[in-house]
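Okay, so subunit A shows up in both of these, paired with subunit B first and subunit C after.
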Partner chain A sequence: MADQLAIGSRRGLKPALPLLLPAYLWLTVAIFLPLSAMVFFSFMTDLPLAGKEWSFTLGNYAAFFSQSLYSTLLFASLRLGLEVTLWCVVIGYPAAYVLAKVLKGRSREAIFLLVILPFWSNGLVRIFSWAMVLREGGILDTALNAVLPFKINIDLMYSYPAVIIGLVHSYVPYMVLTCYLTLQAIDNSLIEAGRSLGASRLQVLWRVIIPLSMPGLIAGAALIFVPVVGSFMEPRILGGRTGTFYGTVIEDQFVAVFNWPLGAALSFILLAVVLIILALAAPVLRRAG
Partner chain B sequence: MAGVQVANVSRSFGAHKALDNVSIDFADGGFYALLGPSGSGKTTLLRQIAGFDFPDAGRIAIGGESVERVPVEKRRIGMVFQNYALFPNMSVADNVAFGLSVRGEPKATIATEVQRALDLVQLGKLGGRKPHQLSGGQRQRVALARAIVTKPRVLLLDEPLGALDKALRVDMQIELKRIQREIGITTIFVTHDQEEALTMSDRIGILRDGQVVQEGPPEEIYDRPQSEFAATFLGDANIFRGDATGSGIKLPDGTTIKASTGTSVPAGAKASCAVRPERIRISTGAAKPDPANANTLKGQVSKRIFAGNNSTYFVDRDGQTLKVIVQNTGAERLAEGQPVVLSWSPDSTVLIAAA
Partner chain C sequence: MRMPRLTAFLTATAVFVSAFTLAAQAAEEVHVLNWKGYGADEPWAVANFEKATGFKVVNDFFNSEQEMLTKIRTNPGLYDVVMINAAFNDQAMAGKLIQPIDVSKLSNYADIAKDKAGSPMLNHDGKVYGVPWVWGLTALAINDKSFDKPPTSIAEMWGPAHKGRVIIRDDAVEAVQFGAIASGQNINDIKDMDAVKAKLTSLMPQIKTFWSSENDWNQMVASNQIDIGTYWSGSADRAKTHFKLPVSLVIPQEGAVAWLDAFSIPVGSKNVAGAEAFINYMIDPKFYVEWVTKVGAPVSANTKAVDALPEDAFNRKVMGSPDVAKRIQFQAPVTDEQREKYLALWQELKVNVK
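And then the complex of A and B:
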């Protein structure tokens, strides 16, 4: 470790430049430039297209504060992000634990494949297949009525739970993968040491395994929370009229209302809020880990 | 404190018999080494006693109470792992406190006990450190303090010194022995290091292929091994194979070797003799008939390894290479290629029935 550091500092950054350059060039072209354009747009009264008049304004940002609709929706989206993240922890962590600590060899590979499989299918297809499952007279409704002796009506389509189900389904693999990686790195002898000291399996889980896998939980939560807060596809398709969230409003500005400056401004407010939340959460989570 | 009885314990993993009808009685307060090559079943046996794994058959009792189906957390044992297994997210003091804390002891009691345990392993001032800030030897001590602070009935050690360098290992052997005497705890120690087993334990059990080959005090196993495996695994031995004569064996070339220790083997049966290298005398002149060293063989020095306080001679004789260790007394050293006479006492010759 010390040797590596010494070598790194002696050679400086120069030899590393050819290795770093492609990635940073790409990032500049593909992310930094378009984002800068968006920042620019967010301060404009209108798009400079087809010779329209435009000037600089703070109005787009002011709109967020003057109309309570936006902050209400942002709040709903943050709550959605929190709920989806929690469900992903509840569903994903046990699966990651079993993958990392219980299964071995072939069965582990098979279960792993099932976790990764959703990544290989188109996101839109995934969401529409949920629509088939959740609607009245759909797969879930039919199947439950075939098994249960009494008649029930399952129509989850166009509801808040449908949005949660769709988002959890899309994002739970991130939680499984990040938690799997940290759980995998925990030496089994730590678990055995805990139990040899008289701790039950639950005590070992609570006092040894969860604290040691905290980095994976945090990484997974960040990977899920941030995109879910801004999500629009799942809320729109599965939520219907109940699926109006901050993300769908932003989408509307770009694709329906063509008010790009407002959409951009709302996006950057979301970015700022998410960054503030992550910054506030970081020290607390770090201490827990 | 309590003794541990293992009776007729067997454990298989698939077709592999890891433990095959093993019975050992671990006396209360004793220091016991389980010695064997890798794959001999010594760690499997320790894990059965700890309760990480349950035997297919047989009985395990701690302090007279049957525990073979009791899970590890209810057995009240202390265990030290090969890689120490300290909780990296906790300070040294929290590591040691873990066992008392999960038991729900009051905070004040925990603090006192933890300090006492850390003092015992001479780390009283390092309670606030994290495990990664400690040296290997210090981590070892923390692991030991953590294992004994709960006042377990048995202390189990799984190759605890394997990861330490030689000098530190010797220090820790002495330290471990001191602590074990001080608290008088029944200790079972798994090792593949014969020197460690010899210097530290009151009794040694040698395992091979899931079976106990021999069991007893170190001196007894060293002086009277009951199998070629025990003779060569614990210490060095020269092995002669031939037919039993009633008072020794006759080698294929007609030479007889007299043996007055070991088992009795009926005349005519296949048998071996084991002789420790340091029991053989080496000389250049013709052997004077000496009843105390009645066994003699002629040979030729093929190699000498000088190790300071002693020298090891490799002597070729009739297709066999014998090992002789001679203390460095300042006497003339023998050259390679020199014809020599080896002689030793029948008392130093252990007769072993062929397996």
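And then the complex of A and C:
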């Protein structure tokens, strides 16, 4: 019986192989190999280019612990990730709810299009357009001063809020999309049942809708938190002198000082920290879900 | 049956792609690596050179000296001409990235100022590894709208009137050397790092943002967001002449950092003859005068080229004056050890503003 099952599954695997092959070939070539090379680099003293001497070392990882600089920046980046995720929930979840439960037909399609429209433009273009809006004498400043009777000075450019605004704008569609999918799947009769049994709107939201849409919230949060912690382009352009984060320091190691080993080591420390955070959060989130 | 066909398909794709890449890299192309908007990529210059020699110029750019070194390290054989700051020539030569140049093939080489051509930074074991092109200063530039008369001292950067309206380049070496000048030290032999650190620490709250390309600087002035900042002399000239921006160069009384830019030929260049022709064209007086007039440029290392400028030209009158020569300090090579020390200090300063 067991043998028969094994043969059956093997028979199932063989025709599936050509279907799986492209994806796994791609993963091996495009992700696994470069990533292993980076792991290798992170333990080297120097890159083996142009006949340079090199040996194995743990020094690149030790550098992270010997200087408070890196841990300070890592905490700043984790905080940035949390804040951006939080704002994405605050802004994205209600939008997803309206899309899934309130709007129907054409209007839903139109609003949906507006949500995913930013995805169709290049990330750098989005960030530079924010630069035009946020700076002193920029679009926001000029527009508000034209409308308001008193003079206000808005110069958000090159500040921490500017980085948050730019990142939230870039990542909020992820939250809307993941939440929309789970919210749409909630059976309306569950909400109606709750209401007819005497629950207030708030109670229905808290006891029925949020728990049922939790998987979407978690997926969205993970999709946003992880890239934001390592982000470097947005902080560099929008953050000005306050735009130094863990991601920008890693970028400097690769681009500015050609210290790939240290850059690789810093990246893997970030990966480890993010994995630990997700692992610690998993049981809590699973219970909530 | 299925598998061999897939393999055949993949092989065909690989062959096709590599044939395509080879065809694109014809021998008659000269691949040039330089800063963007820095002479070598001027459309009129490229057109003149292509018409005169028949070579085709392909420009590529970098945003920092380290990026330039990374590009020639990781793409051996791709570039034929690379523009290297003389202070980095040593490092490029030691890394076996550039080859000796046969200067007898360059008809304009004899006109290069002797002190520049003979610079120990560009000559190793009697061989020439870099042909001096232009030199200039990392000094201050001001937004004319913010000043009635130009300041004379570097201390202006720390003035309360300019709080949040100062810009400096995001570059550890440049920042530290700037701090050395502000604290009255020799940029190539900094004795008191604490003084440099103190100077830069008190400068941080003044700063609006950091710049990394000319475009950044010019946009900040165009939108009137800055008053004063560190800038390169050639770039300030270009901002004024070419982009018609209200920018003036200031050489502070405390001094300024001088640099020498030179052309080198990377090891493995596929078109050395084309590279030599291009370098010779770049140091030609005719190209230089046109560059200064149309666009704005630093000072040519070719004495005949500078003499071809009008007498009252900034690059001839001010940059060539003995008074300026006394104040400026030429940048010497920076060791890896120093560079790492400077970077650590710079990163610490940037983190502490949080």
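The rule is short, and it goes like this: the second predicted complex is superposed on the first by the 277 of 289 C-alpha atoms of A that agree within 3 Å, B and C clash if a C-alpha of one lies under 4 Å from a C-alpha of the other, contacts with A are read in each partner's own complex, and residues count from 1 in each chain.
Please note the rule applied: a residue touches a chain if its C-beta (ideal position, glycine included) is under 8 Å from a C-beta of that chain, and two chains touch if they have at least 3 such contacts.
Bear in mind the structure is a predicted one, so any value in this text is a computation, not a measurement.
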Subject >> subunit A as common anchor, with subunit B and subunit C clashing or fitting >> reply: fit
**OP:** Kindly classify A:S200 by the partners it touches after superposition: subunit B alone (first), subunit C alone (second), both, or neither?
**Re:** first
Original post:
Given the touch rule stated above, what does A:L212 touch, subunit B (first), subunit C (second), both, or neither?
Top reply: first
Original post:
Given the touch rule stated above, what does A:Y158 touch, subunit B (first), subunit C (second), both, or neither?
Top reply: second
Original post:
Any idea whether subunit B or subunit C touches more of subunit A?
Top reply: C
**OP:** Once the structures are superposed on A, label A:D187 by its partner contacts, choosing first (subunit B), second (subunit C), both or neither.
**Re:** first
Original post:
Touch check for A:E109: first (subunit B), second (subunit C), both, or neither?
Top reply: neither
**OP:** Pick one for A:A76: touches subunit B only (first), subunit C only (second), both, or neither.
**Re:** second
**OP:** In the overlaid three-chain picture, find the nearest pair of C-alpha atoms across subunit B and subunit C and give that distance in Å.
**Re:** 44
Original post:
Taking the contacts subunit A makes with subunit B in one complex and with subunit C in the other, which residues are shared?
Top reply: none
Subject >> Touch list for subunit A against partner subunit B, complex >> reply: 187, 189-190, 192-200, 203, 207-208, 211-212, 289
Subject >> subunit A-facing residues of subunit B, complex >> reply: 50, 52, 71-74, 76-79, 81-83, 85-89, 98-99, 102-103, 146-147, 150, 156
Subject >> Contact set on subunit C toward subunit A in their complex >> reply: 2, 6, 63-64, 66-67, 69-70, 73-74, 95-97, 171, 204, 207-210, 223-225, 339-340, 343-344, 347-348, 350-351, 353-354
Original post:
Which of the residues in subunit A come into contact with subunit C in the complex?
Top reply: 18, 21, 49-52, 67, 69, 72-73, 76, 135-138, 157-158, 240-244, 249, 252, 255-258
